[in-house]
């Protein structure tokens, strides 16, 4: 009995010490002079620039200084972390569905797509091809990447938000060619047979293509493609296919967390300011398509050109002659996920 | 016979050298080579970057915590497992080893389930304003988990092999527990203990998988050095990423050299 | 690294050494907070599934293939490490040569290097334009983005395990047996097989299982080098991650639980072998 008592005593003491230790290190300062923006992979450069713009704006407006702390990663993973308690004040993710998952966890109030203009998507993007300089495999549209000798790089739609857009853009092309469902699956199978590396995220794919020299064509976010051209001048070309998909990265305020942190105002303003002229320009300069039509107009490419050999000096990079479908065409994200990317969905069937 | 042995000796040595060269020296060399490919200046600027320094601080704090807690635990566990006999001893020793064999991804996942927002513990933690997951404590706990068995695994075999005679004698002579430990046991296990600490701190510094699940990648807040490396790499800053990696290699090498120096004394 | 279970106190011995309550208390509470409670939550989470759902998830075609990839590559990698580990331990213990200290000190480096960094560096080295990859390419071998690449990364991760378990045993073994065998005219190979190998076997096996278990769960370095193609180079930990991305917690925890059980079984097998070896030694 005495023995047991000793054990108990030690356990209590120890647990107490552990608790004190955790509390002392876990109890961060309650008053916050920063907000956390949880975003997805390709927006690093954009938000780095935008944050300094906003910090200035906030200082001018309120006289307070604010710091924005960024977190980047695969869109799905980021949403998962927020839903599990990552204390994000705002989320700026690749898919509406990822934000829906946070809303499903009860942290964001319903109707977040109506909270800000344009379905809460201040900028959009699309899916294009990045090929090696001179376009040695003559790739101009989706049909060309099915050829046997073409090596394709795209991330895994199961783990990457960007990859889902890639997949759907390809699907839409084959659909618009009048193919039946079985034929589309056959075409998609051919496409994914050509895939050399199926990375877990968009950035990892870009690295495989650019740094490690894998494949002939990278299916990528428009901004990723231009960024690669910018980083490696003269080595790559952007090819804009005839059809693609309108990607609407959604933004939202995480209601539960801003209430907890008392950061409603600044979080709200942070997202709202994304629609300001300055921010819209910044987005366009980072190769996102701003929703403000007047500003977007200034970045539209003049010549009738689908292949962009180098980053245009006049800043006009946007190819507008492209038929864009959107997620509504596929019946919304919920439906699409179940049908295409869920267990035994079309994507699984492609690989069977 | 002698000659043949010599030949065998050198063949064996060269096999080892070749293996280590390809598997260890080349990758590490490649990292250092790439980190310097843009010149020393850019190397220094990436290493002294504000966020690198913050990440380094966090890594050091985490490592200290992990080593500290695992030292207490390792000493206690090995004392109680080798000096006493009790029911459930085997289970305890198997459980201690378990973290070694668990995928860091799973380790991250289980902590997410235990202390995350969906867990039953969350409201309780919330009430006291404690955040574990996606905050520094989470990073520390994950690191403690992956380095859990390192110190005790080193000490236990030594304690087993020296037996208990000396300690029993000392106890009968009326020495108290701490004195016995300090004067009699510790000198025996000093090297094993030190080796455990070295392994533990090396592993703690480099842990990526579990920490990456639990940290939330908040730049400047919960990014450890390995996560910072990943972040730089994903941001196309390859030389920066490799520069910070070589910093980690350097820290590891320093720890290993320290061990050698201490061992000689 | 000898078994934890190797030592048994004589039954009924009176405890004269103090500190039982304190040390056991701390051990149990630490185990509870760090290991037991989290692992229980995993089991509880999975228990929400019916057995049939659970079995359906863990026997999905892709999941099964991912296990196969993980197991086969981890096995081959640990085997390579076992062979190389014994040779390296032998060289480090039995021979004197310049640079030995450095070689000895290097062994732990894979522990300290973040697995992601290792993965990145190895991938760069082994793609067709990398330093190693270009040589291998000439010989017609592709390393990066194939199973060979996965094995390559896993060998890197597992280097320290076998060396560090065999080394102390070899150090302790005195040379008299070998010398006797030599005088009796046995070939070195025979000496190794008959005398040395049985001695180091438990330690070797212990190191091997540790390396194997570690490789089985390795994620950070493998995702970079694997190519991650379903039914080809997709590993089990990646399946867990990908299930998590789909918000499919239950599937992720099911696969995780299975891997956890595997790890535990591996440990138990090792434990039994170590125990037997220790008994035999007595």
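We just call them A, B and C in the order they show up, numbering each chain from 1.
Throughout what follows, a residue touches a chain if its C-beta (ideal position, glycine included) is under 8 Å from a C-beta of that chain, and two chains touch if they have at least 3 such contacts.
The structure presented is a predicted model; accordingly, all values stated were derived computationally and were not measured.
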*If you tally the C-beta contacts, which comes out ahead, A-B or B-C?*
B-C
*Report back the single chain whose CA centre is most distant from the CA centre of subunit C.*
A
_Cα-centroid distance, subunit A relative to subunit B, in whole angstrom_ = 34
*Would you kindly tell me how far, in whole Å, the mean C-alpha position of subunit C lies from that of subunit B?*
16
*For subunit A, which residues are shared contacts with two or more other chains?*
83, 204, 211
*Residue numbers in subunit C touching 2 or more other chains?*
20, 22-24, 26, 28, 30, 124, 241, 244
*Which positions in subunit B touch two or more other chains at once?*
233
_List the residues on subunit B that touch subunit A in their complex, please._
112, 116-118, 122, 128-137, 140, 216-221, 231, 233-236, 238
*In the complex of these two chains, what residues of subunit C are touching subunit A?*
20-26, 28-30, 33, 60-62, 123-124, 127-130, 144-145, 223-224, 227-231, 238, 241-242, 244-248, 251
*Along subunit A, where are the residues that touch subunit C in the complex?*
3, 5-11, 13-15, 18, 74, 76-77, 79-80, 83, 101, 156, 158-160, 195-200, 204, 211-214, 337, 341-343, 348, 351-352
*subunit B - residues contacting subunit C, complex*: 1, 5, 8-9, 12-13, 15-17, 19-20, 22-28, 30-31, 34, 69, 72-73, 75-77, 79-86, 89-90, 92-107, 109-111, 113-114, 119, 141, 144-145, 148, 153-154, 156-157, 160, 164, 167-168, 171-172, 176-177, 180-181, 198-199, 202-203, 205-209, 212, 225-226, 229-230, 233, 241-242, 245, 248-249, 251-253, 255-257, 259-260
*Which residues of subunit C touch subunit B in their complex?*
1-2, 4-9, 11, 13, 15-20, 22-24, 26-28, 30-31, 34-39, 41-42, 45, 84, 87-88, 90-91, 95, 97, 99, 101, 103, 105-106, 108-118, 120-122, 124-125, 131-132, 155-156, 159, 168, 182, 188, 210, 213-214, 216-220, 237, 240-241, 244, 249, 252-253, 256, 259-260, 263-264, 266-268, 271
